[in-house]
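Two complexes follow with subunit A in common, the first pairing it with subunit B and the second with subunit C.
Then we have the complex of A and B:
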């Protein structure tokens, strides 16, 4: 029983990792007042570019790097249309999802053809931390994961410090809550928002790299399959707090890991009953998280200096 | 103001040129000749009367879903759940056809009415969650898409399963909407959906309740001050949008596919979002844009057969067009600059 629970939690962490990466990026983006529903597009492009580069060069580091760049490009494009173009941010994010899905599917088919053999790439191996991995339960759950998971723990701590303990974090929040006041206080609203977009692209790209370079080792059409939206659930549920987002992603991860277990357990029920579980959990959990909803006041509204 | 209108018109041409240029590059990337690809595309949509009818068959669900999405977007209810709502309509149509022992005409009418009601109710879930609890409808509608597909999967493996077969699908359904041109799959749904688009446009433009819907989209605060009940109207638009998407599902089952299974919607509900966006959320514009998008999809499939260009090029081109359309003031600022 303990072995089962341990393995489910370990799997939940692996499922939660990309959601948390992307979620923290989105949280920073939203704190600045820009909402990007197109997390899926960032992850998808990160996943594809990472895979492509890693497949061609056999260099994982180079693959991750390229994935980050592609994520940043997509996120900056969203930022440009939202901040400069003052377009509806939700709609643009949505459109970016279509665009990225089309682009990655097209380039994948052009680059690798439609052979029956799935093209693959190297994936990162698990690193067991000596001594710590001997701790019962925790050793397997936390200290025998791949480099991305360790990077995730670092990102959670760092982003927490940046958001709540640095002056840039305060500018970030003020730009999202009251851009006019922030502008009056001498904070460059646009620069802060663009920087938040870059961070979102970076972390979203990393989430994408994780999918292809750590979890799967291959790419296929629509590989994210709605994970970007799941990350958005984690953002709302975690109230845009890095640690909260991780815990929220873990809840989704546990639901998903459990349903995979149940599917393979040989219970004579249609498998869809189990595959629906994470989506139900997401909706129900959202319903219980609505008390004291603290959206940044300027979320989704472009800043105009001369507007009244 | 005049300058702005002129800028908009020029931007449409610019978008067309950029899109053509990008498609040209993409086709070169594949390594086939542009003319071969174009002729494949042309044959696919206009090659014969059957091809033309196939475009219209594709257009019908896109149009119905996009009418609903347009109404929802007018009140800023970002309904991404049309795909799930379509499945609900399809399920209802299958149940009515399988279990209601009635003459065909009654089956068709009851399926349309019940489909509309249940699709509307399914869409009311995120509507209520948004208006009463303030939970993002974007996320809930997407979750409900997955859930609707899950429900379909469960049903076609259990009570709606074809017992004589092995695959998870319903038995073939005999009740069918009349085919309007012989030897094609073009059914009555296309005419009904075009009429509905015009009716809904009239409702939005010329009636009080339609005006409320538009007013909320323009300015929520002003509408609230004017005494318009915001939540009630959001719920109305949510319900209507779900209802129309469900009608698309009813027509798919009783007009085109005649069997319920997972996969009856080739992402109609998602593509319809693009249709609505390009139509500036106006149902009457949806008629033309859904025709265009359907032609693009059917044409690109044929381009894949004739010239080996992956059909995902359609999605890519749609994405480019929508992004250029939405961002045109940021991307082509020179068109909108006031000349002094």
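Then we have the complex of A and C:
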């Protein structure tokens, strides 16, 4: 039983990792007042570009780096249209999701053709931290993971400190809550928002590379399978707090890890019932957070200093 | 010492001049009032000084430096600070975080909250502000928030303080103590620019008055050489109308509230008991947010009641819907015309339709008749002197005054017997305010019962027969508005103390 629980939690962390990366990026983006529901497109492009570069060069580091860059480009494109173009942020995000889905599928076909053999790439190996990995349960769950997971823990801590313990965090909140107040206090609203977009692209890209370079080792059409949307759910459930997002992602992760095991447990039910589980759990938890709407006041609104 | 020197400043928006060739000098230790109607260009001029707008033409000198600010950040470097009419505070942050927002301090970027809270507490004490630096801004009253705005400027060592309509949100007492603060600041060699359209305040506090009209400087003189008439002449081009002799109401009761308590979002009213006679204007005084909205919405029927009854002409309307009430002669002028009253992107005609069942008159055999609507719109445009290109013009192109006239035209009809006017002249210039007031007077003479809710004491003094003072959702008292009215007492009642005899 303990072995089962341990394996479920370890799997849940692996599932939660990309959701949390992307979720923290999105939280920072939203705190600055820009909502990007095109998180899936950032992850998808990160996943594809990382895979492509790693497949061609056999260099994982280069793959990750290229994935980050592609994520940043997509996020900045969204940011440019939202901040400079003052376009409807939700619509751009939606459009980007379809755009990235089509583009990555197309480029995958162009790059690798249709063959019976799935093109693959190297993946990062697990690193066991000596001594710490001997701790019961925790050792296997936390200290025997791959580099991305360790990076995630670092990201959670760092982003938490930045958001709540530094004046950068205060500036970020002010830009999202009352950009005029920030502007008159001498904070550059647009710069802050672009910076938030870059961080979102970076973390979203990282989430994408994780899928191909840590989890799967191959690429296929629509590899994210809605993970970008699940990350958005984690952002809301976690109230844009890095720790909260991680916990929310873990809940989704546990549900997902459980359903995979249930599918193979020989229960005579259609597998789709189990596949539904994480989404179902997300819906239920969302129901409980209905009353706690704490959206930044200027979320989704472009800032115009000269507005009359 | 001369701090600011503006010469020939011009600024236009879409080809319309907001400021034309304005000269302005500000000296240290001086309180200057910048007086003018809405749209006279006061705020634009100050926004140029503060770096929010850039001038099209002219010279701006601060202490002999020729400058052109690109943003408020540049202006702050020259110790210029501005408190906007709409506060620029972040509600979810603390006082300390709001004040130090964007500052580079010791230990940056990590927060050393304690040190700076102590610093701010000291500053706050120096001016008797009684502000707790660790409190969240959203938990503060409007008056306190304003003090936070001023602290923000003082913390940044501002020497030139621009205050945009600062007293609009304050009680008379708060205004008094606010003026004390201004005098104290002026003594410490700050220069204070007070943007306002209230002549009485100007005479009370300013050393010098500058009047703008249609973007052009009309007058610039020491206050001691000026009086009410010279100022209003410079401001609106004519003297104010003589105060009308108050109309004596009839002896019959029009509107009557019996123990009415409301339930709903925000502040509610509890146990409201009062009668308004036919032909009477009952003024409702109080600091914004003390239940005025609930009172207005309760009478109109937008808000639900927990107990009590409401009568019009002796008829119980407690259980009537808003639509039925409007049919039964209640007119409602909301304080937020953009939010509650109008569809800005739609035409004058279409906005006239927004009156529930009462718009039946525009229908012929169940189909909307454009002809009837058009004719009615045209006649209302004439009657109310609404300035618009045509009845098909989208109303966002109309000025605030004309939008308000349109609401009056739609809401008030011959049958109207109760008018709920909630801040009907907010944001309107003197001319437009007068025409709103004239319409209310007209309805009063026709025998309507009028509830006039306002935060402008001058307006209430001018219009009302009696003044009801509201605080914290309760009636603090109802006083006759005559020569014997003790304004200090009303102020105290607004602040929550005073005798309850309602």
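The rule is short, and it goes like this: the second predicted complex is superposed on the first by the 307 of 308 C-alpha atoms of A that agree within 3 Å, B and C clash if a C-alpha of one lies under 4 Å from a C-alpha of the other, contacts with A are read in each partner's own complex, and residues count from 1 in each chain.
Basically, a residue touches a chain if its C-beta (ideal position, glycine included) is under 8 Å from a C-beta of that chain, and two chains touch if they have at least 3 such contacts.
On a predicted model such as this, the values are computed, not experimentally measured, just so you know.
Of the two partner chains placed by the overlay, only subunit C lies in contact with A:167; subunit B stays clear of it.
Residue contacts after overlaying the shared chain place A:178 against subunit C, while subunit B stays out of touching range. When the shared chain is aligned, subunit B comes close enough to touch A:102, but subunit C does not. Judged by the touch definition given at the top, the superposed model places A:305 against subunit C, while subunit B stays out of reach. Of the two partner chains, subunit B is the only one that A:229 touches; subunit C does not reach it. Across the superposed pair, subunit B and subunit C touch subunit A at no common residue.
By the touch rule above, subunit A contacts subunit B in their complex via residues 37, 80-81, 84-88, 90-92, 94-96, 98-103, 105-106, 109-110, 221, 226, 229, 232-233, 236, 270-273, 275-276, 279-280, 282-283, 286-287, 290, 293.
Against subunit A, in their complex, subunit C makes its touches with residues 13, 50, 52-53, 71-73, 76, 82, 84, 87-93, 97-98, 100-103, 105, 108-111, 152. Put simply, subunit B touches subunit A in their complex at residues 26, 29-30, 78, 80, 129, 133-136, 138-140, 142-144, 146-147, 149-151, 153-154, 157-158, 270, 273-274, 277, 310, 312-320, 322-323, 326-327, 329-331.
For subunit A in complex with subunit C, the touching residues are 165-168, 170-171, 173-174, 177-178, 180-187, 297, 305-306, 308.
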